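Consider the two complexes below, in which chain A is the common component and chain B and chain C are the respective partners.
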Partner chain A sequence: MTETLVLDPAQQSSTATKPLLKVEGLSVEFGPKASPIRVVNQVSFEVNPGGSVGIVGESGSGKSITSLAVMGLIPSPPGRIVEGRVEFEGVNLLEMQKSRLPDIRGRDIAMIFQEPMSSLNPVMTIGDQIGEAIKLHEKMSREQRRERIIELLKLVGIPNPEGRLGAYPHQFSGGMRQRVMIAMAVACNPKLLIADEPTTALDVTIQAQVLELMHKIRRTLNTAVLLISHDLGVIADVCERVIVMYAGRVVEDADVKSIFRNPSHPYTRGLLQSIPRLKDERSRLYQIPGSVPLAGTIKMGCPFFARCPDRIGKCAEEMPPMFTVSRSQRSACWVTAGAASEANGGATA
Partner chain B sequence: MSTVIQPSALSPDIDQTIAPEPGFRATLMHMIFGRKSTVFAMIVMLIFIVVAVLAPWISPYDPLAQSFLSINKPPSAAHWLGTDQFGRDVLSRMIHGSRNSLLFGLISPALAAIFGTALGVTAGYFGGAVDRIISRLIDLLLAFPELLLAIMIAAVLGGAFWNIIAVITVAFIPGFARVARASTLAVKQEPYVEAAVAVGLRTPTIIVRHIIPNIAAPIVVLMTLWVASAIRLEASLSFLGIGTRAPNPSWGNIIRDGLNNLFGSPWPIIAAGFAITCVVLSFNLFGDAVRDVLDPETAE
Partner chain C sequence: MMNAKVEQRIGNDFIKVEGLGKTFSENRLMFGSPASAVRAVDGASFTVRRGETLALVGESGCGKSTLGRLLLRLIEASEGEVTIDGTSLMGLSAGDMRSMRAKMQMIFQDPYGSLSPRRSISQIISEPLEVFGIAQSSRQRRERVAELLTQVGLSPTFMDRYPRQFSGGQRQRIGIARAISVNPQFIVADEPVSALDVSVQAQIVNLMQDLQQSRGFSYLFIAHDLSVVRHIADRVAVMYLGRIVEIGSKARIYGFPSHPYTQALLSAVPEPDPETRTARIILKGDVPNPANVPTGCSFHTRCPIAQDVCKVERPPLAETAPGHLSACHFAKPNPIPVS
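Let's look at the complex of A and B:
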């Protein structure tokens, strides 16, 4: 793997070969068992200790469901995980006793949600809400806890933290609430922070501040980050590795440089072309023709077939495996990746 | 409120800092004493409660003593609120009756709120089979009119004090359960509940700390509204001979007795009606204040 940015050398030596989070062949279905709709299909990826991985894709590509599955938060019914493994530090979370999951949530894996406006309980002070996680997972006296909460609020850049402990969420702006959410999430120094579209609901300047804060968290706490976003710019800013999802499948998995310099999958290329650039001569932005297929409508072949500019006959019949394009880039496309892979010598399933 | 605003130069956000919170107790005090209607309501409630507690010592006559020499008298210096058709002093009957009426009027809605909320939250939060079973039970209770249900249970259990409390409580549970269930369904969808799960809280903590405080407002208002219904229901039961037995007074059966003698003397009905109105109104006003305390957005 290309992830060498592990800050703590001790941790690196012990877990360098072992990923912190390893998702393997994860499939999630919704709806009745007789006619299930598969929204996440055979998704695999890894997050190294201290690493940062981004999952990018359009609405409905299954990226949020993937992150919820890692936390064990898929609403069931109607959803269920039908196959795969979610290994955290070598332990398969899916086989773990349900009653033990709360011990891991918040302490080892924490999550930031998309809507800062409604992710905080309106009738609890923010001090109490941050304190809740600490009280749950760490033995601290009331005074120590108060100190810790103030420290966290300082870390996320809330001015006058002592005075704001007793404030309620409605007294904060969206960006400030997202900071409070981040403080809550990192309260117990989690090893993995899952951020599901953390900046989507914020305006652009606040977005940049929140992303800067996530960098700071990574630097100071050495927390691994799994960032879900539909915004390639956000991903480029924070992540070392990128996973591109389309219609519930991983279509490309590469380090961030390869994705931007040398995208392999036609879908990734389409995504990149549709980003507006400053020196753009085009009068119209590129758009990928068509729209994302409804979940569960693709029964065979590549899910991107109908919209793909490079399609060949084989694509309609057989789902391409993940071809190795280069040392740090894998892509699921018969045409572009298949050719590159043959040139390199052999495919990887 | 005296507040100190400390704008921070280091603040990366545009600093819209609001003053440090004055703390829960200060907010509570402000809520209670900051509004005249709330103060008024609390004074009225306090007067009625003191009167009920001190009834044997402050009532001028024996509430049961009859006197054929003074039947259907209008208010006078001797009988402040007049007398009824048996010559009993209306003021003394009102004072003694307040004990029964207030006890029924307060305990039953409170108990119904506790059990009803527990049932409703359980049904709403867990959903599925649990929800179906509880909801059908509630529907079953709702199918009977409150009074019919109360008579049925009272007939089985007998008319002792705690039985009547139980009867009124059971009759009120469905209303609370429905409101609690509907509110829980709405609150359960909120991202902060999901966030609480993600932090590692377990289900009982989530229900107690995140669900119930957010559905408390409608429950509290409902509770204060039903103080009136409870007093009325007790009156109906008394009239039917199940609640407070004549000749013992409660506001309910003072009205019932007075109806038969409306043209002889209207004073029992006027006095009891006024007392019930005052109590109900002051509880409603108090309920509004409590609701506002529970909602931090209005607690400014």
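Let's look at the complex of A and C:
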């Protein structure tokens, strides 16, 4: 904690590796243009090649919309991206021709969703569905493709893959369907895998299997992962960096150790204290008062103001920018920034 | 000191369940598929003490919700007996059962689906008051509703609003107010916090604990989230494929789980801490089809320590320590290792 406080929110120390994905100042609005509801507000983050970043937040925090925006999957109308950049390997996807997007989507960037049943075609065999993903992006003979599908099913741990090629989704359990989804997603060796609540619909023993599989995918294919989850346990398991979102904004962005050991934003702290754990002796859980505000209802100041135990007058009026707390941790809070600044003798470099 | 408090809260056996079972049979022969019977609950026996919280945990399809509903006779049991405060529930006539229902209430999982969208909050909460003749005049009922809303942390001014005007957490508070309105002695709470956001979940868990402290009722707390259960339960029963495979005090189940399924279940929970990682026991495969339960111990197809005997002989639920029962031939109390 000897870092000097940097008051420039946009500055992040330039690293040797160029980010694979760089999201900058992304804002998404829904509803009529005259009275839009802003559900994602000035969101910025980066994912390095082979890295794993988690976006954590409660319902309405904008985490899923952020991931859909990256994939260019915001339904429009009613939604639209009003500002910002989504750079993938240096190319801004938002300015790219619509017709070229499918080249990247599904090949370089793949996505898996929470509900494996509704993301699979019920009247198409598992083999054909995975084959389709390959056919779209790679030239292969029918025989080669069959080999590749079997290889993929093996990778995701489907027993007897040769025999399951002709099976339909309804013949698989929830956990098995999610494995099939992962097989489809990694069919073309994507550089980035976006997983939106991939284990939320699964039982805990099946979740453990799928998390194990995600680790294996990262190890064997060196795929970068952007994981969206409300479950801090899953985030801690998979991610190296964590973005905390609240009411459409990023409130903290840090390495996983700092988030869990040394959370800076009062919301992150409250969230961590309010979760029950397997090993703790508290007889009462900490509770954050109030509830998550409805999307777009907070127009001024810090979105967490009404529920914050540390708030000061300024918080109601001015949205705090992202302050650098330490080399790998940034947080949008006037109070913690002020305290850190005082600890550093008022130095605001 | 906490123990003394708990001792004080928990009294004698209040509910006794003996050999309770439920078979759902499928009669329709569609496309020539054979008729099948699903044994949703099989031979459940346990007690719930006065003022106690017994948690029922297990994965989807294990029969925990069915068991909760059997206890309230919302579903008729295929066999077995439930005794509440010395009265056998199974033998009660419809009329007697109705008055018994004032003693036993339910809190549901889905705060959106469990409140009628067309009735005001005061109508929703005062309905049980009316049915059981607790508050006669409408003025008395409104006073009582105001009191209940305050007790669950809502403003009495909300009384004339409708469910759609409330968030998930507030709706769950309304559901709780409705459940406690008739002063029940036993509440079945079926996944009451699993649809809620983390920050709101803590509020509801605390509220449920506070109400139990002040009113002394018992909970059957049905949940799949072992961390939440760790907080609220006094005792825990673990179910797998319709059967209770382990039951014991919270301290025993979490500290010294003795059934391999319980051990795997606990080890599978991802801890919100990147630095302490439990050595995860990854179970093979999926939960088998409940219509076709494996022979012997139903867990043997996924069990990491299964032997030949497990395939043929079903282990009885037997005591491994005082008050701690486990249905495993090789039950061994084992703390979850941390790597």
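A few comments on the model shown:
Note that the second predicted complex is superposed on the first by the 321 of 349 C-alpha atoms of A that agree within 3 Å, B and C clash if a C-alpha of one lies under 4 Å from a C-alpha of the other, contacts with A are read in each partner's own complex, and residues count from 1 in each chain.
The rule is simple: a residue touches a chain if its C-beta (ideal position, glycine included) is under 8 Å from a C-beta of that chain, and two chains touch if they have at least 3 such contacts.
Everything quoted here is computed from the prediction, not taken from an experiment.
Once chain A of one complex is fitted onto chain A of the other, the partner contacts of A:Phe113 are limited to chain B, with no touch recorded for chain C. In the superposition on chain A, contact of A:Arg164 is made with chain B only, not with chain C. Once the two complexes are overlaid on the shared chain, A:Asp103 sits against chain B while remaining clear of chain C. Looking at the shared chain after the overlay, A:Gly175 reaches both chain B and chain C.
Within the superposed three-chain model, A:Ile275 lies in touch with chain C and out of touch with chain B [touch as defined at top].
After overlaying the two complexes on the shared chain, residue contacts for A:Leu136 are found with chain B alone; chain C is out of touch.
By the touch criterion defined above, A:Gln209 lies against chain B and chain C together after alignment on the C-alpha atoms of chain A. After overlaying the two complexes on the shared chain, residue contacts for A:Leu232 are found with chain C alone; chain B is out of touch.
Across the two superposed structures, the residue set of chain A contacted by chain B and also by chain C is 159, 173, 175-176, 206, 209. Within the complex formed with chain A, the chain C residues making contact are 2, 59-60, 167, 169-170, 197-203, 205-206, 209, 224-228, 230-231, 254, 264-275, 277, 280, 282-283, 285-287. Residue ranges on chain A touching chain B, taken from their complex, read 71, 73, 77, 102-107, 110-111, 113-115, 118-125, 132-133, 136-137, 157, 159-160, 162-168, 170-171, 173, 175-176, 181, 184-185, 206, 209.
The part of chain B that touches chain A in the complex is made up of residues 4, 6-8, 10-23, 128, 190-192, 194-202, 209-210, 213-214, 294-297.
Of all the residues in chain A, the ones that touch chain C in their complex are 58-59, 159, 173, 175-176, 203-209, 211-212, 230-237, 256-257, 260-261, 270-272, 274-280, 282-288, 291-292.
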